[in-house]
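Quick notes on the structure that follows.
Residue numbering begins at 1 within each chain, and the chains themselves are lettered A, B, C, D and E in the order written.
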Amino acid sequence: MFYRENGQFKTSYQADQQLFSIPQDRWAILAIIAFAFFGIPMLVDEYMFRAILVPFLILSLAALGVNILVGYCGQITLGAGASMAVGAYAAYNFLIRVDGMPALGAILLGGLVAAAAGIVFGAPSLRVRGLYLAVATLAAQFFWDWAFLRIKWFTNNASSGSVSVADISLFGWTIDSPTDKYLFCLGVLVVFSLMAKNLVRGSIGRQWMAIRDMDVAATVIGIRPMYAKLTAFAVSSFYLGVAGALWGMINLGSWEPAAFSIDRSFSLLFMVIIGGMGAISGSFFGAAFIVILPIFLNQMLPLIGGLFGLEVSIALVSHVEIMVFGALIVFFLIVEPHGIARLWATGREKLRLWPFPH
Amino acid sequence: MSFFLETLLGGLMSGMLYSLVALGFVLIYKASGVFNFAQGAMVLFAALSMARFSEWIPEWLGMDNLFMANVLAFAVSVAIMFVVAWLIERLVLRHLVNQEGATLLMATLGIAYFLDGVGQTVFGSDIYKIDVGMPKDPVMMLESVFEGGILINKEDFVAAFISAMLVLALTIFFQKTATGRALRAVADDHQAAQSIGIPLGRIWVIVWCVAGITALVAGIIWGSKLGAQFSLSTVALRALPVVILGGLTSVPGAILGGLIIGVGEKLSEVYLGPYVGGGIEIWFAYMLALVFLLFRPQGLFGEKIIDRV
Amino acid sequence: MTTANILLNVNSIEVIYNHVILVLKGVSLSVPQGSIVALLGGNGAGKTTTLRAVSNLLHGERGAVTKGSIECRGERIEALTPADLVKRGVVQVMEGRHCFGHLTIEENLMTGSYTRTDGKAAVAQTLEKVYNYFPRLKTRRTSQAAYTSGGEQQMCAIGRALMANPTMVLLDEPSMGLAPQIVDEVFGIVKDLNQREKVTFLLAEQNTNMALRYADFGYILENGRVVMEGAAAELANNEDVKEFYLGISSGERKSFREAKHYRRRKRWLA
Amino acid sequence: AEEQFFPVLAYRTGAYAPNGTPWANGFVDYMKLTNARGGINGVKMIWEECETGYATDRGVECYERLKGKHGGATAVQPLSTGITFALTEKAPVDKIPVITAGYGRSESQNGAVFGWNFPLVGTYWMGADVLVQHIAKKEGGFDKLKGKKVALVYHDSPYGKEPIALLQERAKMHGFDVQLLPVAHPGVEQKATWLQIRQSKPDYVFLWGWGVMNATSIKEAQATGYPREKMYGIWWAGAEPDVKDVGDGAKGYNALAMQHGAEPNAKVIKEVLEKLHAKGQGTGPKEEVGQVLYMRGLISSMLQVEAVRVAQSRYGKGKRITGEQMRWGLENINLDQKSLDGLGFAGVMRPVQTSCLDHMGSAWARIHTWDGKKWNFTSDWYQGDEKVLRPMVMLASAKYAEEKKIKPRTPEDCKK
Amino acid sequence: MSGRKIGEVILDLKNISLSFGGVRALQNISFNVLEHEVRAIIGPNGAGKSSMLNVINGVYRPQEGEIILRGEHFANMNSYKAAKAGLARTFQNIALFKGMSVLDNIMTGRNLKMQANMLQQAIWWGPAQREELEHRAKVEEIIDFLEIQHIRKIPVGRLPYGLQKRVDLARALAMEPQILLLDEPMAGMNVEEKQDMCRFILDVNDQFGTTVVLIEHDMGVVMDISDRVVVLDYGKKIGDGTPDEVRANPDVISAYLGASH
C-alpha cells in the first residue's frame, strides 16, 4: 500500500542500480538524514547527545567496519576492539607528535594505521577459518591491549597509561559542545556509510560475499581469496580505526586501553549479528540495540517496579538488566535469525503486499 | 633447574584446569555444532550454586557436617544444571534448529548474559567460599636432588587428577555409546539428523547437561582456588586458545592443548615477561595457538575442515 | 481409491515460507497403504515443500503449514516432531543428499538405525541388506561421506533411510545424479521393498518416465497446486504429460538437439 | 524543603562487586543517616545510583546521565581511578567537584592545577610512601633498605600504576630494588606472577589490587609459600572480602589502613544500626555495617556532607548549594577532633583540613594485620613525607598544567 | 547443423593420475578436447568424472600428468590461472553464493574483467559506475538468454533446484569462457527443462564458439548433443569416441549403460 510500486518503471540499468531504487526509500532516507542534521540538534538535550547519540554514531561506524568483515566477507573477528585501539592511539600520536596536524587528518591516518595492522593480523585468515579464526583474532586483541598498556611510547610516557586530548578542531571549527561532536560524528558516519554501501554493491563487495558464501567456487571464477580477504580486513580495520579515533578523541576525551577491551570486540560482534549480517542498515540497528537498550532498561526497570509498588534495589536492576538483555537477544534471534535488518525487510515486504496477506 | 621444573609443573597444572573448562566447549561443539559462549557463565553459575547451597543446606537442615553438606550441595547443583540444560533446549535451541553457526553462537551469548544475571540475583555477587577440603599448603619434593627442592601445590595436584578422571569418563561416553554417533550427526546437519529420527531436543538436553556437569566440576575446582565469584566466568577466555589448539571437536585435544598452553604461557611469562614489562601470558597463549593453527588449521586433533565442490 | 487403507492423507494444505512467501496453495493428496505414489512437476512446483510438510522438516526452513491438515493412519501429525514420525515409520530422504560429511559412510548408515529398538543383530542384518543393494557403498564404507562422489552420497542417503526399517519413505528426487544403471537399480529396490516388505513410497521425481513406470498413482504439481492426478498408467498415456513430462510428441522421443527456442510450456494454471 | 543531589557511581555487579557493594552501602547509609538527623541545616539529601561495573566508559556514561539531574550534581565520587582520569577534564567544564577519597591521581592533591579534584585523606603516593616508611622501620632505618627487594603486584590499570612513580623515587633514594608485576583484569590469573616472586624472593611484596585480585594474590602466596607477613596491601587491599574466604591462609597478611579499620564499635555505627537498620531502612546486610569498606564509604559520604555544611556556612544556611560553591566547601573543610567526635567518628579518623592548594587534607595512615578472624592495628601512625611527596606533586601537576594550558591558581585567586 | 567448425586440439590431458589416500580416483588418463566441440564425460558414480573437471581447472592437483591448454603446459594449474585462461565451470553440488541475488551471482562472473580500483568503487560516481553499467548490460544479455529475468533480484538460496542450476550456468557464461566445464547440468530436471538446457548449451556452443566439456548421466542428452564422448570407470578410461562408437563399445555397456540402453 505504502509501497505501491505499480507505475514505477525503470528505464535504465542505472536507475535500477541506484542506492535505493524505490523512490519511497530514497525519500525516507533523505528525510532521516536531514532530520538528523537539522531536526535533532534542536530537539534533544545534552545528555542525549553525550550519552546516547554520539556513542551510537561512533559505534555504528565501528559496527559498519565489523559488518564488512564478518557480514560481507564471512571472516568472524573478535579483534575489532584492537583495531579501534590502534586507530585511537595512532591518531593520538599523530596529533601530539606532528606539529600542526589537523584533527581530521590524524583521525584518517589513525584509520590507515589500523588498516595496516588489520592486514597483518588478518593474514592468518588465508589458512585459518571460521571459529578457529575468530579465536585466533583474539591474539590481536590481547596483544594490542598489552602493547598499549605496556609500551610507554604509545601513551607519550603517561605514567598512568591513560591519555587525553584537548578539544579538537576542524578548519577553525572547534568541536567542543555536544552538538558539535554529534554533528561531526554524524557527518563522518554519513560519508562512510555511503562509501561502504558503494563498496558492497560494487565488484569488491561481490568478491567479499563470494568468498563468504563459497570460497572454492569463488576461486574457480577467478577471485583471489588473498586479495578479497585482505582488502576486507583492511577496509574493515580502517573503519574501525576511524571509529576508535573518534571514540577516544571525541567521545571519551581521555582513555585507557580498557576502553577498547575484549568486551568492546564482543559487543561489536553482537551488534552485527543482532542487527543483521551483510546489511549496511543492520549495523545501525545493531548499534542502536546494544547502545540504547541497556540504558533504557536501566532507567525503565525501577519505574516498572515502581508501578507494582516494588522497591527495586540498584543491584537488582543491574542484574535484571543483563538478564533482560540476554533474553531479548535470544528472542530477536528466534524471531529472525538474520537480524533486525531482515526483520525490517520482511516487514517491508509485507507492507508492499498489504492489505493482502500474500 | 629446579625453578624451571617448578614452572613447568605449574604450567602443566594450570593447563589441566584449562582443559577442564575447554572440555565443556568441546562437548557442546562436538555434539551440536554450537560454539557455546555461555560455558564461562555456566561455570560461574554452577560454582555459585555449589558455594551457596553448601552454605544454605546446613543452615536449613541444622546439620554440621561439611562432607554431607558438600555432597548434598553437589547433588542439588547437578539437578540445577539439568534444569538449566532442559530450559535452554526448550526456550532457545528448539527454536533455532537448522540455523547458521553465527546465529547459534549469538544465542549462547544471550544465554550467557541471562545466566550471569540470574546467578547473581539468586546467589548474590559476593565472593563465596567453596570448601571441599582441598589441601592448600604447598609441599616440597625432591629436596635431595635440587637445592631447596621443588615446590608442588597439592591443590593443583588433586585438581589435575580430577580433571584427568573426568576426561577419561567422557571419552568413554563418546566412544562406547551409540549416542556418541548421533551427537556427531547432529553437529553436521540438524535437518538431516531430524529426518532420520534423531530427537534433537533430547540430544541437546543430554549434551548441555553433561556440559553443565563438567562446568560444575570446573566450577568447584576453580571456585575452591579462587572463590566463587563473577570473575570465574572469565576463565573461559583462558580456555579458548586451548580449545582451538586442540581442535574444537576433540576431547584428547582439549587435554593436550591445555597442557601445551599452560606450559607455554607460564614459561613465557616467567622467562620472557621480565624483558618486556610482563603481563604477556594471555596474548602469548593466543599467539601460540595461532602459530599451531597456521600449520594445522583444524587444530591438533580437530576434524578436518571439509571443503569440496 | 477407498479411504479404508489410506496411510497418508494431505488435506488442502497451504505452506508459507518466512511469513511472506506462499508456496503451496491448497495441495491435497492421499497415499494408500502399500502403494507407490509419485509427485511430479517442474522446478519450483512445490514437491520438496510438500514432502517437508509431511515430515515436519519445514520448521527448520522457517516455513509453516498455515492451512489444511495432514493425517497419517488417521492421526493428525502436524504437531509431531520429525523424530516422532520416524518412530511411526515415516522417513524422508532429503533432496540434495545431506549426508553427515564428517562421518564415514558406515557411520552414516548406522545413524539411520538410531530409533531402532530391535537389537544389534537386526540392525546388522539391515546393514548387510543395504550393502547388498548398494555394493559401491561397501567398498567406500570407511571414507568420510563428504569425500565421496555425488552418486555415492545419494546412495548413502537412501541407504541411511532404509536403516530405520521404515513403513513409509518420502523420497525426494532419488534418481538425481545417479548413473542410469543405478537409477534402474534404485527404482528396482523401491519396487522390491514395496512388494516384499510392503513399504509405502511417496516419491517426488523429475524423472517422470521412471517414476510413472514404477508408481501406482501420480500427482502433477504446478505452482503449488495439484493440476492433474490419476493412475500412473493413465498419466503416462495422457498427451500433455507425454509431451511435457516425457518428451514424447506424436509417439516418438524427440532428439534433444531438436528442442526449439521458443517457449513451449503449457500451464494448466497460472 | 531544599534538596541536595548526589550521584552515586557504584558497582554491585561483576568482578568488583564484592568490594564495590559494601563501599556503596556505607556511602548511601550515611546520606540516609544525615537525613534522619534532619538533613544539612534542613536540606535533605537525595541521590541516584548508577552501575559502572568499575568500567571507565560506563562510568563516564553514568556521570553524563546523572550530572544534570535534580538541578545538578553537587559532587561526584567515581570510585575508580580510571573513571577519575576520564572525568578530570570534564569536571571543570561542568563545574562539578570530583571527590576521590583514597584514590584517584596523586598529583591532583595540588588544588592550584587540579581545581576540581579532591583526593581527600590519602593518595596512592602517600600510601606507598607510608609503606616504605614502615618497612624501613622494620628493617631498622632507611639505610637498611639498601639492596633489599620490593615486588609490586599491581592491577594493570591506571590505579595499579599510580604508586610506581613514588616507589621508584624512593628506591633511588634508598637503593632498594622494585620489581614490577602487573596482573591483568580481573586478576584471577596470577600463577606466573607468584612463580616469579618465588624465584626472585623479594623481601616485601606490595599489593595494589582490587576485587578478586586481592584474595587471589593471598591464595597464590599461600600456594607458593610466600610468607603473608611480608605482604603489604594498599588500603583497597585490606578489607574483609579480600581475606575472609582465604581464612587461615591469610593470617599475618598486612594492609595499610586509611586511618580507619573495621569499626563496629564506633558511635556513628551504633547510630546507623539504631536509626536505619533497626527500622529496616539500612542498605545491605546488617552484619557488614562497620566493616572496612563500609566505613570507607561512610567516611567518603561524611566528608561530602561536611563540605556541603561548610559551603552553606558561606552561601546561606539551609540553602541548596551549587557545584561551584561545593568546591569552596571542599577547599575549606576543617574537621577537628571535636567535630569528628560530634559526628560519631571518635577514634575512627584523625582531623582533616583542606585548603585551596592542598586538596588532600590529611596524610596519616597505619598498618593493620589479619589474624584469621579480624583486622588488628599493628603499627603506629605514619605521616606521608612532605619532603618526598611535595616535589613530585608539584612536578607532575606542572607538567599537566603545561599540557592542558592551565594557569595555576595563586593564593590570591583562592581568596575570591 | 550450424556454422560452427570443429578446430584444433585446445585442451590436452596427458597421463593424469590422482589419488586420495588409498582411493585412486584417476589412473593415467589421457584425452583431448577440440576447439568448439561438445565433449562429454560419462561413467558410473564415483568413476572420477568430477575429479577430472577439478583437475582441469586446478581445484585438485594431480600427482602425475600434465595439462596442455592451447599449447601451453601447466604443470600445476590453479583455479585462478584457469579462470584467467578462459575456463569456466558449473558444479555438481550447486556452488552458488547463497546469500547473494541472482544478478549479483552472475555479476561475480565478470569480476576478472572489472578494473576500477577500490577508491573509485567507494566513490562510485565516475569510472566505477560506468564500468558497472557496462558489465550489467552484458549480464542482462545472459539473463535474457537463459530466460531468468523474473528472478533477477531473488537471493539464490530461495530458488528451486533447477533454477539454481541455470543460474550456475549463467555465472559461468558471464566469464565469457573459451572452455565451459559442466558437471551434471541437468540433474534434477524434467524432460522439458532438460530440453531447455540442451538448447542453451548448444546455443552457447554455436553462437560463441565455446568449447563445452560436459558430464551427464542422461544418455539421451549425451548421445544427442555431444560430438565425442570419453568414458571413465573407477579411475580408468574405458572408451573414447563418437557417441555411436561408445554406445557400441561392449566395455561401456557392461560398466555403465547396462543392457537396456
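Convention: a contact is a pair of C-beta atoms (placed from the backbone, for glycine too) under 8 Å apart; a residue touches a chain by one contact, two chains touch by 3 or more.
Chain identities (UniProt): A, B = Inner-membrane translocator; C, E = ABC transporter.
Fair warning: this is a prediction, and the values are worked out from it, not measured in the lab.
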Furthest chain, CA centroid comparison against subunit B: E
Identity of the most central chain, Cα criterion: A
Greatest separation from subunit A - chain, by CA centre: C
Subunit A and subunit E: spacing of chain centres that average the CA atoms, whole Å: 41
Centre-to-centre distance between subunit D and subunit A (centres being mean Cα positions), rounded to whole Å: 37
Inter-centroid spacing, subunit E versus subunit C (mean Cα positions, whole Å): 29
Averaged-CA centre spacing for the pair subunit E and subunit B, given as whole angstrom: 49
Subunit C, residues touching no fewer than two other chains: 21, 147
Per-residue overlap in subunit E, given as positions that touch at least 2 other chains: 59, 91-93, 95
Subunit A residues counted as touching two or more neighbouring chains: 149-150, 214, 216-217, 220, 315, 319, 321-322
Subunit B to subunit C touching residues, read off their complex: 97-98, 178, 181-182, 184-185, 187-201, 249, 303-304, 306, 308
Contact footprint of subunit D on subunit A as seen in their complex: 45-47, 50-51, 55, 149-150, 159-162, 164, 166, 252-256, 258-259, 261, 263, 295, 298, 314-315, 317-319, 321-322
Sites on subunit A touched by subunit B in the complex: 70, 76, 124, 127-132, 135-136, 138-139, 142-143, 145-146, 149-151, 214-217, 220, 262, 266, 270, 273-274, 277, 315-316, 319-330, 333-334, 337-338
Residue ranges of subunit A touching subunit E (in the complex, touch as defined): 13-14, 17, 195, 198-199, 202-207, 209-210, 212-214, 216-224, 231, 235, 278
Subunit E - residues contacting subunit A, complex: 57, 59, 78-80, 82-84, 88-89, 91, 95-100, 104, 107-112, 114, 116, 118, 121-124, 128-129, 131-133, 136-137, 140, 171-172, 175
